[in-house]
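There are two complexes below, and they share chain A, which is joined by chain B in the first and by chain C in the second.
Up next is the complex of A and B:
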C-alpha cells in the first residue's frame, strides 16, 4: 500500500495546530490541579465565557486584540471570584467536594450563558482571513495564527514561571505548600492568582478558537473533555507534560484519521488514556511522587 | 480565635434568627400559598379536569438551545388552544421535563411523566436517540406519542409502533424532494454527516435519493456529534466530485459551515445539505461563509411561495414576539418552533375527532390520527399535510432554498404528494 505522503503532511499541520489550542486549554487546567489539587470541571465554561466576552468587545470596538485581552482579564477576575467564593472555603476538605463545587459552577455558568445570550450562536470574525496552498488543500492562515498565538501565550507564561517573582512563588507553592507558607509566601492568594491565570488561559483559547466554531453556551464541553485526557496523559500537574501530551494526542488522532473513520480516530486518545493509566498512572511526564 | 468560613456558616443556621425549623415553616407556608393560587386556565374552564400533555425537551446539555426554541412553539399552541376553549371544553396542561440531551435521562423522565404525572398524551422529543430510547415507554403504557422534532428515519421505519406519530417530514421524504435538484447541481456527491442515528439514516436516504435520479455518492465521511475541530477530518475530503452534502444540526452545523469554507471546500464544490445546518439561529455564526448554500427544510422564515399566506404571517409575528423572551437578539421562528406548534395542533385535532377523554381512549385517538389530513390554517401555517396510516409518517410541502446575501431565497416548493416514499414500517401487533 502506497504511503499517502500528502495526507501525512496535511495531518501533521492539523495535529500541531489542534494540539496547540488543546495545549492552551490544558495548561490552565493542569496548572490549577498542580498547585491546588483541584480538578476544575468549570474550565470549559470559562473557555465559553471568554468567547462571549470576546464577541461583545469585538462588536463594540472591532479590535480582535482588545477582545482577546479584555476577555482574558475579565475571565481572570471571574475565576478569582469563583476561587474565593467556592473553592477557598473547601481547602483541606475531601477532594470530592471541590469536584462537586466546580461541576456546580459549570452548570450555573452554562445556564447563565443560555439565559443571558439566548439560543443563537454568535460569531467572532477572524482577524486574519485568506488561505494558502497546502498541497491539494486550501489551508486557512488563521489556523496558523492560532497555533502561533497559543505558543506565544504558553511561552510567556513559562518565562513568567521561570523568572518572575510571582512565578517563583507559584513554583514554590507547587513543590511544597507548607514550606512556602513558612517562607512567607501568601499561599491562599497564590491559589487565587493561579486560578485566575488558568481562567484567563481558558478565556484566551475561547476567543482564539471562536472564529472556527461559533460561540454558544456548550462550546467548551468537547475541549475540556480532551484537555482532561491530555492532563492525565501528560501527568497531572505537569505543565510541560500537558503541552507535549496535547500535541502527541492531536497528532495521533490526525494520523489515525488517514486510515480509519473519524469516529474510530477519536477513540485513539481514549486508548492512549487507558494505556497511560494502566502502565504509567502518574502520566508520561509526571513525577512518581505525586 | 480566627473565625473560619464554616463558623460563619454555622452562625447563619444557629443564630436564632433563621433556624432550620423556621425556614421549613416558611417554605411550607409559601408552598401552601402557591397551591391556593389557581392554575392559569381556572378562570376560563372552572373545575374542568385538564388534559395532561407530557413533553420531553432538552433544557440543559448540548441540545438546550434547540430545546428553548422548541418550547416556544409548543407553549404557543397550548396557549392558543386554552384561549379558544380548550379541547372539548377541557384545558390543556403542559408538563415539561428536561431530558438533559441524554437518552437514559429521557427514558427516566418519560417513566416519571407516565407514573407520577399520569399524562394523557406525549408531545415532544428533540434528539433522535432520546426519542428512540423513550418510544418503548410510551408504547408499553399505551400512550400516544406525538414526536415534535426527532428526525431519525427508523422512528417511523424499522422502529415504528402504533403509539408513535411524526407530524412532520422525514429524511427519505426530503431526499425524494431534493434528489432531482441535487442531481441538477452535480452528478457526483460526497456526504459528510453527523455519525449517530439521525445522521446515518439521513445519509442512507440521500444516497438512495441521489442514485434514484441518476447521480452517485462517491464517498461519505461520518464525524461524531460535538466534534469541535472537524478540520483534520474535512482535510481528507478530496477527489473528483461535484458537490459536498452536509447532514448536521445545531452547533455542528456551524462548525461544518465555517471549517469547510476555511478549507476551500465550499468554493471547490457545490455546497448543499440538510436545512438543520442553516437554521436561523445558526446564520449569525456562519456569516458569509454559508453564502450560496443549497438547503431543504419543512419551514423557512420567509413569505415566499406557499409560505406567503396570512396564517404564516400571524404565526410568524406571534412566534417572533415570544422568541424575544428567550433570545435577546430577537430571532425568527425556525423549523423547531413550527414543528412543535403543529405537532400539538395535530394532537388537538385528533383528540377532537376521536372524542378522546383520557389514556383509556388511546386506541380511538390512534384511529383518528391514522390518515389524518391537516389543512392550511392557523393550526397548520406551514401548509397542508397528511399522516400516512401505514407508518404514522406525515408528508408535507418541502422548501428548497439557497442562502444569498445572508437570507433565504426559495427556489422550489415541492408539494407533499411529490415527497412520498414507500413505507418501511411493519407495525408490531
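Up next is the complex of A and C:
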C-alpha cells in the first residue's frame, strides 16, 4: 500500500512541531543532568506549574506574552528554591538520594496543584487563532507559533551558553566541577542557576503547550516521560544531542501514527530507547557537544 | 647545616594539617610556610601526600585538623572559589584543562570576574600570549586538542588570569620534553620576579633546587625536614634519605 505523499508532509510538520516543544522540555532536563548528575523527577511538575501560572496571569491580564514570561520567572524562582532546599544539602551523597528528593518534590507539587486548582482541566486560550491550508488540512497557525517560539528560546539559550560569561561558567562547571571552582567560579550558585534556567524552560513549554491540551495536575507526566527518553537517546547531558533526539523521536512517532493510533505510536519511542540502551548506551547523537 | 630562615611575613602558613580519604589517613601533620614572592619546593616519594597538601590548602580536600592561614587570616574550610578570588591559584598535576572549551574560553574562566576592567583584561591576555605565543595561535582551538606541553602552558596561563598572590604548582614538568622543562623553569622565574609566590611540587629535583629558595621534605604524610635550596645538591644525603628508593 502506497502512503500518500501529502500525509507524509503533514506528519513531518506535526513531528517537528511536537519535537520542538519536547526539545524545550528535554533541554532543561539534560542541562541539569549534565552539570550536577541529578535526574530531576520534578521536571514535569515544573512544566505543569508553569502552565497554571500561565492560566492565572492570562485570566487577569489577558496577555499571553506576559503569561509566558511571568510563568517562566516565577517557576525559575521556585526551581532555585527547590535546588537550594532539597539538592544542595545532598552534594557528595549517593546519587540515589537526589532521585528520592526530586521524586518527593514532584509528589508534593502535584498534590499541591490538585488541592489548589482541583482535578478539572483549565483552558489557556490560543494567543494566535486561525488556520492555514496545509494540503488537505486546515492547520492551526498556533502550532507553528509553538515551534518557532521553542526554537527561539532554545536558540537564545544556546547563544548564551556559547558566548555569555555565565554560559562559559556553565560549560566549565559541566566539564570539571572541581577545576571550575578552583578557577573562582561559584559552582554551588552555578548549579542553582542552571536548575532555575531548566525550570524556566519547563514552565515556558507548559504555557506554550497549554492551549493544545488543557491544564491539569498530571499534565507533566507524559512529557517528562518522553523527555527522559530523549535525554537518554541524545546522550545523557548533551544539549545538542537531546534537541536532535527530541525531533528524531517525535518524527518517528508522528510517522508511526500513520498506521496506528497516536497513543500506540508512543511505543516507537520506547523501542528507540531500548535499542539505544542495548547498542549505543552513550546516545545516538554526538557526545562531544556537551 | 644552617637552618634556613622561614618567611618573615608568610603569604601562606600551614600548621599541623591532617586529612583523610575515607578512613586512610593521608596527611599526618603537614606544616610549612611560603613567603611573599618566595618559591618553595615540596619534595617526597610518590604517594606521600604532596598533591593532597596542595588540594587541602586550596580547599578541595577537607582538612580534619590543622589550620591554613592566607595573608595571616585563617581560611581553613573556605570554599575553593573564594580562595581563588582572594589570590590562591591552583595548577593540578593532571592539568585539568576544560577540554571542550577553547583556549580563550579556558582563560576566560579566570578573567570574567567582578572588578575586571577591559584594559586590565587586555594586559593580562597580552602578557600570557607573549609568554606563550603558541596559545595565541591556538586561541580558538579546543583545549582537548592541545599537546601535553601546550596544555601545561594553558594550565599555568589560566592560573595567571586570576592575578594570584601564590600559585600551587603540582608537577608542572611531568611528561614534558627537555625543551619544555626549561621553559617551565623560565616561567617560574618570571612569576617569581613579578612577586608571585609559588609552592612547587616536583619530581625533578634539579629543577626544584634551581627554582626554589627553600625546600620541604615530606614522608608518610608529614613534613619532616626543610632546608635552604642553596645548601642542597642533587646527590645530597638528605635527598637520598627522603627521595631514594
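We take it that the second predicted complex is superposed on the first by the 280 of 290 C-alpha atoms of A that agree within 3 Å, B and C clash if a C-alpha of one lies under 4 Å from a C-alpha of the other, contacts with A are read in each partner's own complex, and residues count from 1 in each chain.
Criterion: a residue touches a chain if its C-beta (ideal position, glycine included) is under 8 Å from a C-beta of that chain, and two chains touch if they have at least 3 such contacts.
On a predicted model such as this, the values are computed, not experimentally measured, just so you know.
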> Which of the two partners, first being chain B and second being chain C, lies in contact with A:211: first, second, both, or neither?
Replying inline: first
> Which holds for A:139: it touches chain B only (first), chain C only (second), both, or neither?
Replying inline: first
>> For the three-chain arrangement built by superposition, which of chain B and chain C touches the greater number of chain A residues?
In response: B
> Taking the superposition as given, does A:123 touch the first partner, chain B, the second, chain C, both, or neither?
Replying inline: first
> Looking at the overlay, does A:14 come into contact with chain B only (first), chain C only (second), both, or neither?
Replying inline: first
>> I'd like to know which partner A:104 touches here: chain B for first, chain C for second, both or neither.
In response: neither
>> Going by the contact rule set out at the top, does A:155 touch chain B (first), chain C (second), both, or neither?
In response: neither
>> Considering only the defined contacts, which chain B positions touch chain A in the complex?
In response: 5-6, 60-62, 64-66, 68-69, 195, 221-224, 226-229, 231-233, 235-236, 238, 251, 254-255, 258-259, 262-264, 267-268, 281-282, 284-287, 326-329, 331
> Hey, which residues of chain A end up touching chain C in the complex?
Replying inline: 165, 168-169, 171-172, 175-176, 178-188, 288, 290
>> Give the list of chain C residues in touch with chain A in this complex.
In response: 58, 60, 79-81, 84-85, 89-90, 92, 96, 98-101, 105, 108-110, 112-113, 158, 162
> Considering the complex alone, what residue numbers of chain A touch chain B?
Replying inline: 7, 10-11, 14-15, 17-18, 21, 88-89, 107, 110-111, 114, 116-123, 125, 131, 136-140, 142-143, 209, 211-219, 221-223, 253-254, 257-258, 261-263, 265-266
